[in-house]
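Multiple structures follow.
Heads up, the next two complexes both have chain A, just with different partners, chain B and then chain C.
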Partner chain A sequence: MKFSPRIYIITLLMLALGAVPLIADSIDEPFYTVLFSRMLILSIGAVSLNLILGFGGMVSFGHAVYLGIGSYVVGIGTFHAVEDGVEWMGNGFAHLSIAVAVSALAGLVIGAISLRTHGVYFIMITLAFSQMFYFIAVGSENYGGDDGLSLYMRSDFSGLLDLSNDNSLYYLNFAFLLASLYLSHRLTNSRFGMTLRGTKSNEQRMKSIGFPVFRYRLVAFVIAGAICGLAGVLSSNQTDFVSPAVMHWTRSGDLIIMTVLGGIGTLFGPVIGAVAFLLLEELLSGITEYWQLFFGPMLVLIVIFARGGIDGMLVALDRWWLQFSLKKNTKVD
Partner chain B sequence: MEQTLNGFQFGILLFLLAAGLTLIFGIMDLINLAHGSLYMMGAYFAATFTQWTDSFLLGALLALPACMLFGVILERIALRTLYTRSHLDQVLATFGLILFFNEFVRLIWGPIGLDIPLPELLSGSVELFFGIRYPAFRLVIIAVGIMVAFLLYLLVSKTKIGMLIRAGASNRQMVSALGVNINLLYTLVFGLGAALAGLAGMMAAPIMTVEIGMGEGILIITFVVIVIGGVGSIRGAFVAALIVGFIDTVGRSFLPDILGLFVSNDIADTAAPAISSMLIYILMALILAIKPQGLFPPKGA
Partner chain C sequence: MLKVNSLIKSFGGLLATDNLSFEVEVGTLHAVIGPNGAGKTTLIRQITGETKPDSGTIIFDGKDISDIPVHLRSALGLARSFQITNIFPDMSTWDNVALAVQAHAGHSFHFWKDARKDPVLREPALVFLKQVGLEERAGIVAGQLSHGEHRQLEIAMALATRPKMLLLDEPMAGMGPEEAKAMVGILQGLKRKLTILLIEHDMDVVFTLADQITVMVYGRGIATDAPEAIRKHPEVQAAYLGEEEVGA
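Showing the complex of A and B:
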């Protein structure tokens, strides 16, 4: 097999992500564990968005809805577990399964209506749905309304995992990220995934061959929603807080940025994108209070010049390396 | 009655924003999320010029060309390269512009919102028929809006530029193939859209606070408007803006009472604010489920 700098860099990134808590502990900076934990969670969200955006060509501008649903499942569950003593409502497995079920159901309803439309209409209607859920959360006074809800406890995986330990939570996030990457890999390389990619490149052709395009897209939409719902569960555990802000439309925009920044339609692109996005945010906001003044134009430049995102650059690096090594070999000959 | 007029006035504001946005989308095929930023800039320009000149009217008159210029520069520098790109690229790049403008405004004008005092002349209320009183400034908004809508109608349907705009909306390549300077037309349309958005912003300024991010909430509602109306159609934008403005305003004020008829008052009071914020999105979902191209789909698209 040819030597590929890209594969090395991605492997290195994943290994580094796996080692973060160890490094953070050894230099006594637990803050980094929390920062990278957020990266992992948003990576899961971006991986799920990539399924529909990158492989299915559906520009959903409301993907943060599922982050919100997952977060509120934990928020509402732990609220009742602590306030009313309903023990099962604090259970982590209950949170995960309910979040997946509700997200999938929401995805089914949103998808069934939105996928009837195309282009800008699809972008706007997914945005509108996310606004609807946002306002439901704002209006739910019982659960803090606009101000949100502080979690009294994290999801309870009694006997298995103690999430109040940030390192355990980190590795739970990491495990879920690996699982979602594996799922994404299997899915996009299956017959289903091939069909989905086919509908992205030419919908008309797939229809004439006889594929029920709408149904394939809807299934992908539901799967993506369910995975992102999981990310929501992890996210509220991470921040110990839920508020409507998790599904603000700018969060959906952030998820799109991460996916595109890393490399749309590639397996690891969303992870690279989420890590790069949060690192940039962290670095720039450390330098200046007005970090978005630089981040905004950077985004415009990335869109205009760097097609294919960071992963695209790595692919270019591979190509360069190949030529470089070829040249070297011919010289020797 | 007062709420009906408020709804009408909000609808007019939405129309000013939606007209520009729908034109820009119809002709350049550009999803411009930064349209809300133009609205915000309009309000800030008006606030600054009003402070300089001590007159809201003069301030607004100065702010209007400033907005137009601002829009033209923005189009020349940043947006021109995006016309041929995918919708996804456009959404991303203009999202980046929003971040930039919000920060930019915070840097220049500071994080605290500004208040523009109403001009003396317009700060009172006017007695309409049947002894109903209504704030004079809101009446001015309605009047200006209707006038602009009428002028826009004349511009689009009676002048040569309007003819080119309509032609551009239905077939861009053909228009440029016929030897029209399409780039100039793009810049003109964008400048016009920016001026309309700025006008909406400066008229909203005295009745709402001028603050960072003020353009974002209304931007999304504007998108709802143009999607309901059919993207690219000014007539659709007008009808949809009035419907949305009306439903949103009236829903907010009457829904608690209407709900109270069916469920207990407690539930009605807690549920009504959420439901009334959702009304327009429900309307949009319903309309798109029935007519995926909106109420007035543009011809030839």
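Showing the complex of A and C:
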């Protein structure tokens, strides 16, 4: 097999992500574990968005809804577990399965309505739905309303995992990221995935060769929502806090930016994008208070000059490397 | 095989299809000719279901298909090629045809197995590519094929849906003479294997290939007959063929 700088860099990135807690512990900066833990969680969210946005061409502007659903499942569950002593409501497996079920159901409803529209209308309807969920959260005074809810415990995986340890949580996040990447890989190359790609490429043609495209798009929408719901469960465990802000429309925008920045419609693009996004945010905000002033133009430049995002740059690097190595070989001959 | 009964479709004040009726016999190649704006593409779109007629019925293979959606008509065995290239430009040529095979290989809720390694899809796709002479271009990204090759790919995709009837909307539009010749060869190879409805501008091609010809002018069908009779039809000569010496 030919050497590919792109695969090399991506492998290195994944290995580095796997080693973060070890490195953070050894330099005694546990803060980095928390920072990278956030990257992993948002990576999962971006990987799930990429299924519908990157492979299916559905620009959903409400994907943070599912982060919110997952977060509130943990928030509400642990609230009742601590306040009312309802033990099962603190259970991690209960959180995961309820978050998946509720997110899938929300995806089914939102998708069934919004997928009947296209283009800008689709974007606006998904945005409207996410605002609806946002205001439901703002209005739920029992669970902190606008101020949100502090978690007095994390999801309880008794006997298996102790999430109060940040390193355990980190590796749980990492495992979920690897699983979602593998799932994404299988899905997007299966018959189902080819159907999605075809619909993105030319929807009219898909219909004329006999595909009932609506049901495939809807199922993709539901799957993406369910995976993102899992990310929500992890997210509130990470921050020990839930508030309506997790599903504000700007969060949906962030997920889109991460996916586009990293490389839309590629397996690892969303991970690269989420890591780059949060790293830039961290670095720039350390330099100046007005970091967004620099962050915005940077994103614009990357989108304009690197079509295909950072992963697109790596593909270009691969091509350059191939030519470079061919030249070297011909010289030797 | 296909029966169109008093079909009417208007866009605003314009009658694109004006009480049109004709019948396509099983196994024949039936051509529709007519000057620009005669409503030929609108006719095809109504047969495939992309446009809804105002009134009239379309009977295909004994079933009234006037009210059923596009993908179900495809499932019944209607396939079309487009006047403007209509493919999946960012996928490989092989993927394009494999997707068309997949469309009629049961549902696509298979989430796990790699579709690009599935011989059930890939092997038939290759056979259809061979049939239109594109097998050597299988690995190329479809968007990079030449214009003539796009048209060939369109036909391979239409064939891959295993239709009973093929609707071809100007398959030779914009082709050079060499490419057009190759396309006539492909169509001759398909004749008798399938029922074909052909819309085409090139008179030589139409008179070489067609068993029956319907002439359309301003949405009306002014004649349906065998090529020899159409040549002599006075109304046809006046309305469409004009002063030109036909088939000379």
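Definition applied: the second predicted complex is superposed on the first by the 333 of 333 C-alpha atoms of A that agree within 3 Å, B and C clash if a C-alpha of one lies under 4 Å from a C-alpha of the other, contacts with A are read in each partner's own complex, and residues count from 1 in each chain.
Methods note: a residue touches a chain if its C-beta (ideal position, glycine included) is under 8 Å from a C-beta of that chain, and two chains touch if they have at least 3 such contacts.
Since this is a predicted model, take the numbers as computed values, not measurements.
Novice: So, A:G18: does it touch chain B (first), chain C (second), both, or neither?
Specialist: neither
Novice: Examine A:L53 and indicate which partner it touches, taking first as chain B and second as chain C; both and neither are also allowed.
Specialist: first
Novice: Could you look at A:P212 and tell me whether it touches chain B, chain C, both or neither (first, second, both, neither)?
Specialist: A:P212: touches chain C, not chain B.
Novice: Given the superposition on chain A, which partner contacts more residues in chain A: chain B or chain C?
Specialist: The partner that reaches more residues of chain A in the superposed model: B.
Novice: When the two structures are overlaid on chain A, which partner does A:G312 contact: first (chain B), second (chain C), both, or neither?
Specialist: Neither chain B nor chain C is touched by A:G312.
Novice: Which partner chains sit in contact with A:R186 here, chain B, chain C, both or neither? Use first/second/both/neither.
Specialist: Touch status of A:R186: second partner only.
Novice: What is the shared patch of chain A, the residues that chain B and chain C both contact?
Specialist: Overlap of chain B and chain C footprints on chain A: empty.
Novice: In the complex formed with chain C, which residues of chain A make contact?
Specialist: 186-187, 189-195, 197-198, 201-202, 204-213, 216, 219
Novice: What does chain C use to touch chain A in their complex?
Specialist: Touch list, chain C to chain A: 48, 50, 70-71, 74-75, 79-80, 86-91, 95, 98-100, 102-104, 108-116, 118, 121, 157-158, 160-161.
Novice: What part of chain A is in contact with chain B in the complex they form?
Specialist: That would be residues 53, 59, 61, 113, 116-121, 123-125, 127-129, 131-132, 135-136, 138-142, 249-250, 253, 256-257, 260, 264, 290-293, 295-300, 303-304 of chain A.
Novice: Could you pull out which chain B residues touch chain A in their complex?
Specialist: That would be residues 25, 31, 78, 81-82, 85, 87-89, 91-93, 95-104, 106-107, 216, 220, 223-224, 227, 231, 270-271, 273-275, 277-278, 281-282, 284-285, 288-289, 292-294 of chain B.
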